[in-house]
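We just call them A, B, C and D in the order they show up, numbering each chain from 1.
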């Protein structure tokens, strides 16, 4: 599954064609920041459903991937916080959508494990709480840890700043958040970016996400939030 | 254990005063690259012994921290590869020094776990080999993984490129290797750097190691290898 | 009788007192609500490094012109101070879990005398999710609860045993309310400061937990500045 | 009788054949020894991205003027091609373990018919350590062994069962020697190409492992270019 050396630049609508009914989709972002807004909008427009959405939060009912939830396209959410999107709680509460909550540090570590070939990690977070229910608890050096398992997805939508034509990515501000780690944990990775520049124009010391993880690029659109993040 | 906001710039000799007989010391570097040569030289000069040396390799007999081994200052080495330093093999073979070998990916992941509060990680590397001896093997999703435990040290010697006065670090070339991860996994962290610049002169997007991990800075010396790396 | 304090005074009193906990160079995470106010009261000579779990080390106050590319927890707008760093969530939570954050300040629904904390869900109500709270209280070296002493209906929040689902067990080190400051060490709670307008008896009436009383018992720091 | 090939021809034959395994965009790690030579034989129209486990993605050939700040595994000097990235060891091995490296090419002391590999230690001899080899063969999608067919003394290295301590079990996908190419799939080994100067009988005499023979059996790719 080697990737194209020169990354294709697709329209958001073309790119989201990789998402099929029933796909699992990772979406970067924390609150308003670092959401691949144009990709999410295209997925809302496509109407593809039955999705498993893996994202730190479900944004707001009318913002970003929160709209996927509100639009009924999601059968399951895996997240750390969904309190700002009233619709997520409601659908879960009404039994119309599954919801798996992870502590945020566990969430990101599970994705990292999924991307980096680890079978799991031992974290102290959640010991003695409902988080440990149904999970293996191991003792190391007299301290208890929960064994947390890897997370992967079929497709990842990430938001970066600059990309060179080989898909090497940099990030800007607090848009970084979960995007780099998600870039490693999906079979098909689409990066929404501010600009695409020539190979060699990003200092190799400054590359955060190596292009070998990226399948395709999409230019950020002029959507209200895309333009402002 | 909050650290000084403005990092003291010590001479290498002053800085290595933190290493006591019996200390565990992490030393960054891979082969010739990214070794904090001036710190290592000062530690050789100090003669402090009974050390546990945690480093990917033991360099060469006459190069870098290989000299600590050759000088008889090390009671135990934890590394992934020691084949280029004849002295390491010899001392181990003669029963005069302990040697714990880890696969390189496991080595770095154990240090990351030590720095990041994880109780361990499950890795497929080494399953079915001598590496799994004495360790817990867990099955996740029908696949076997070895539970590898965290590594920490009393002191870390790392090599970076630029530091601002708050200890925010960048790296250059292949000097990066194990240095960023070691910066998180020791009680006292000394960074050997090419230059110290004002706070604000490193773009916050480009900081690799946040200054909150660093205790002290040392300017790289004019030693043959320090000057060339 | 307990004093009737207006909401602003409650919040500023708690925030002002929490701000005195920090030393120069401390790395601190502030939760939403009262904790947010703490940054307004840091003494001039103390440089606290504010960290937000979504990836800022060295956050400064809100800018005049909001920029969605620089936000903190809860979507708050922030600026970057010179010498700040922007990092990914995996590094951020690595630092949090690894003990590289000196203190986290959070609100609570309930705390108990052994330092157990419940602040993330109420059974039967909509579940917001724990976000980063569980990692923060598990990893930070010092967990400070900044809250009103009682529920809106006057019920105790400082309990013998928490009744709500826990955020973590045995993690709380300090509780600051508008009436008092309690320290918890090795599973034992001690009243270490009391507000000038509160008596020991009144305090006991709204505090279910069992606690010892420091002797001498100082007046709550910061109240003289009100 | 097996041909007497000079060392240079052995090495170039193996390297040339290995180089034909790659597609455009493949991410490849080359071990020391014969594998190092593989980069000299990549066809012009194929862009292979060479990765070194110490943190380079997109390594180019050795520079005219060595610079110790740009080295690969084994301390080899290298250059950076446009579009390369410099990363830390934790990210590098994350990529390796996570299956983001398409192929790793390594030498071997022994390989067996089920794909077990032994290439890191010989009991009684000095232990060099496994370095990154165990991670590479566990994580890379395709493990290619590039080696001389026999030991210097003519002993078999392609065995029924490895006798030396293993590097990993069941990981080898392809074995390329100066005499032949074997493919291992689901624990079964097949001879898929043979050098033009080698007969099936001669090959069998120096190969302990049991293997099936592809039918038709092509001549080893690249030998026509020698």
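The definition used in the following text is that a contact is a pair of C-beta atoms (placed from the backbone, for glycine too) under 8 Å apart; a residue touches a chain by one contact, two chains touch by 3 or more.
The structure displayed is predicted, hence computed values, not measured ones.
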Worksheet, complete the sentence: Two candidates, B-C and B-D; the one with more touching C-beta pairs is B-D
Worksheet item: How many angstrom lie between the CA centroids of chain B and chain C, rounded to a whole number?
Response: 35
Worksheet item: From the C-alpha centre of chain A to that of chain B, how far is it in Å?
Response: 32
Worksheet item: So, what's the distance in Å between the C-alpha centres of chain C and chain A?
Response: 30
Discussion item. Quick check on chain C: which residues sit in contact with 2+ other chains?
Written reply: 86-87, 93-94, 96-97, 138-139
Worksheet item: Considering chain A alone, which of its residues make contact with at least two other chains?
Response: 109, 112, 117-118, 123-124, 171-173, 176, 205
Worksheet item: How is the touch graph of the chains shaped: line, ring, star, complete or other?
Response: other
Practice prompt. Please give all chain pairs that are in touch with each other.
Written response: A-B, A-C, A-D, B-C, B-D
Discussion item. If we count contacts the way the header does, which residues on chain A are in touch with chain B in the complex?
Written reply: 109, 113, 117-124, 136, 138, 140-141, 143, 145, 147, 149, 161, 170-173, 176, 205-206
Discussion item. Under the stated contact criterion, what part of chain D meets chain A in this complex?
Written reply: 23-27, 47, 49, 51, 57-58, 80, 82-87, 91, 93-100, 102, 138-139, 141
Worksheet item: What residues of chain B sit close enough to touch chain C in their complex?
Response: 1-5, 112, 115-118, 164-166, 168, 184, 198-200, 204-205, 207, 210-213
Worksheet entry | Footprint of chain C on chain A - complex, ascending | 30-33, 56-57, 79-84, 86, 89-90, 92-93, 99, 101, 103-106, 108-109, 112, 123-131, 171-181, 208, 225, 228-229
Worksheet entry | Interfacial residue positions of chain D with respect to chain B in the complex | 52-56, 67-75, 86-90, 93-94, 96-97, 116, 126-135, 138-139, 165-170
